[in-house]
Amino acid sequence: MENHLLTMTELTNHEIEIILADAQHFIDGGTWTPANKTFVANLFFENSTRTKCSFEVAERRLGLDIIPFEVSTSSVSKGESLYDTVKTLEAIGVNAVVIRHQEDRYFDQLTGKTDVAILNGGDGCGHHPTQSLLDLLTIKQEFGGFAGLKVAIIGDIRHSRVARSNAESLTRLGAEVVFSGPEFWFDEEMMKECSYENIDEAIATADVVMLLRIQHERHADQSGMTAEDYHHAYGLTLEREKRMKKGSIIMHPAPVNRDVEIADSLVECERSRIFKQMKNGVYIRMAVLKRSIENGKGSANYVNSNQTCTVAN
Amino acid sequence: MENHLLTMTELTNHEIEIILADAQHFIDGGTWTPANKTFVANLFFENSTRTKCSFEVAERRLGLDIIPFEVSTSSVSKGESLYDTVKTLEAIGVNAVVIRHQEDRYFDQLTGKTDVAILNGGDGCGHHPTQSLLDLLTIKQEFGGFAGLKVAIIGDIRHSRVARSNAESLTRLGAEVVFSGPEFWFDEEMMKECSYENIDEAIATADVVMLLRIQHERHADQSGMTAEDYHHAYGLTLEREKRMKKGSIIMHPAPVNRDVEIADSLVECERSRIFKQMKNGVYIRMAVLKRSIENGKGSANYVNSNQTCTVAN
Amino acid sequence: MENHLLTMTELTNHEIEIILADAQHFIDGGTWTPANKTFVANLFFENSTRTKCSFEVAERRLGLDIIPFEVSTSSVSKGESLYDTVKTLEAIGVNAVVIRHQEDRYFDQLTGKTDVAILNGGDGCGHHPTQSLLDLLTIKQEFGGFAGLKVAIIGDIRHSRVARSNAESLTRLGAEVVFSGPEFWFDEEMMKECSYENIDEAIATADVVMLLRIQHERHADQSGMTAEDYHHAYGLTLEREKRMKKGSIIMHPAPVNRDVEIADSLVECERSRIFKQMKNGVYIRMAVLKRSIENGKGSANYVNSNQTCTVAN
């Protein structure tokens, strides 16, 4: 049993379904706490509100003990490596770490060398499995499943941590995925994986319009476009929303650039599931923490079966 | 029932009395915890030791779960607005936030748009209700009430968050308030609200000498005075303290600039209530957190009556 | 009874033995929690992963309530002194503070003026008693005691917080201590206290090879040597390790500069106790926190006898 959560690719469809079921169980009032005192640390080498605070709430709901760790005041600033930092936390008794790091696949230097469970909170332009899982949960809650759905992923596909892994997961779960948005953010490899659709067609025909954040902080603006230009050309404008399919929903990983990817007044409109995604994120993180703790190597919390959680009274 | 705590002006005399009574009840060993798991976050956009740590102690004494939030490592640094930050915290399950922010009345963009209780920990040069309430409690403990007392508020009135709201509250609770200190920090409007007294007269006749901090970090030094000059002209010097009324007390919101607003050796003298103010602050914050949680919209903690707390054995 | 933990010099041999015994007791499953709600704050004015996180784990294992304190977002950045900061924390109910500070003997301005227990987490180039105690525990676990052992302390003796206090403690506990490493980091006074040995002789004859970190962040590089030069001249190379005495062990306070003080592959070799030191650190910190809380002035936790802790079932 794997105690890490690194990328979506490593999860089977069955494992994904178990995580979604556990999360939904928590939403419905289910509870679970580890058999033993369990320490966790959140190592965020990049800024975050949603992911970090969401893990913090999830950890507290599970009764974990959280060891605060701030990169800027740690020995990382004396040049200590990520490996030595994690081994140090292991030595002092930390059982699991959530890591967000600017380096793609930072976890390759850790796996196999530590008993600490690694939960990937985002690596470079690579993966962000808890975001993917909360997106899947939000879609499943809405439509009951994935087969036959059309999902349009729109925007800065190239630099997105979730676009490609969401596309991969959704496709093998039975959905059709199309990419849309500015072509200068596409490359040939992506074009092979998924079909590209014109923005107006994509928005009018999708069951799920999944917008991506323009990550100003992650790459120089290659487009030469103003925010207004972008909104007009590739954003979810008030006009485009009116042409959306009946029953279709809007998603965005947030933080939203209002009036860029999406018109300000649509962020909290009836179709929007943006805040519901955040809400679901807490329960997904409870589910993956439970999985990592249960599968923990040498841990007294280790269980052979994927023990289900109990509904609270 | 209001779940926010924004300014003193919005509190009736009766509400103030209830908060002071609840705080005194906590000091006397009373306890209260919310019926349900309650999450709180402390959003300090300006530096603080006293207010932040005091809220942290109060929250732990009430058994709340605290979600750490550091502005510098949050998505605020990606340009996320205060509104979106608070809505995010709401989505992930946070019930109350304490906010200190450099913008006057930052809370106007939040109230009516979120169910999260907002507790103002200081806004720009505006308000700081928990500081005002702990000042009131300290005075009440000393004199039993406010009627007939003379309070001298001395120093940088213009930039102070508490000077004007303390003056307003104290006046309607029956005290006489005079302002004193450098005239270049006064304006005509203030002169209309309160009388101005010469520093030596104010100190010699007041029951409460309330000194204000010179906020070097909040405004360029307009005075051209050295610290020594200021102390001599407007500070509580050893000589002035000797002329204070019998039974009168010294207050200061801290951090103190020693030998500027007040002589170093007077900070912990017999008349000084400076550290008692800090101590009272914890209990005031317990009282206002209790009020906000009890009045929380849609919260299971919502109660119709202002339930009193129970004395612990 | 002293409630502070400031330097090793102030601890008698008997007190050291009690702390080591309490720590070992915690390792063996012993538990202890204070009789009353106890608040602690960790004030780290210098960066740290190991010491800070280790105290955080220890505090949680003892069931203490921890008030977060970040220097950069506190009123220290408004110029508030260490004294006023500690007095503020005392006023709001904090019972003990762990302090790391860049100033030698920063604690002299605090002791006798506060009831808060001060636990020194490192002062300037001065002392680091919990590091010394965890070093002693690691040696004791290995050899059963100190009498007759030879300990070689190697490297930047001058700037090390632990070299001299470890030498002093080990000597009075019966061990022989030699210093080794670059002579430009020695001074005449140290030469009087301890004997100096050539690096190859020291490594080949010691029971404990205790390497010190080159503290790039603490002093300009006075040596003019490259990392490679240093490693060859004074580091624990693969060749030198082969000449180590049978049963001898390697220690280092970490963070390690790999391939400078010690060859990369030796950090986790069989002789190395580097991660065991970190592990022991948590239990030492539990023991000294217990001592400070029990000896706390005016505290309900105050006990006359040095109450031993109870083994958990």
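What to note about this one:
Per-chain residue numbering starts at 1, and chain names A, B and C are given in the order in which the chains are listed.
Assume a residue touches a chain if its C-beta (ideal position, glycine included) is under 8 Å from a C-beta of that chain, and two chains touch if they have at least 3 such contacts.
The structure displayed is predicted, hence computed values, not measured ones.
Two copies of one chain, chain B and chain C, form a contact in which under half of the residue numbers belong to both partners.
Overlaying chain A on chain B by C-alpha atoms takes a rotation of 120 degrees, rounded in steps of 5. One simple way to say how far apart two chains are is to compare their mean CA positions; for chain B and chain C this gives 40 Å. Residues of chain A in contact with at least two other chains: 68, 70, 72. Within the complex formed with chain C, the chain B residues making contact are 44, 47-50, 52-54, 56-57, 60-61, 68, 70-72, 216-217, 254-257, 275-276, 278-279, 281-282. For chain B in complex with chain A, the residues that touch the partner chain are 37, 39, 41, 65, 67-70, 72-80, 84-85, 87-94.
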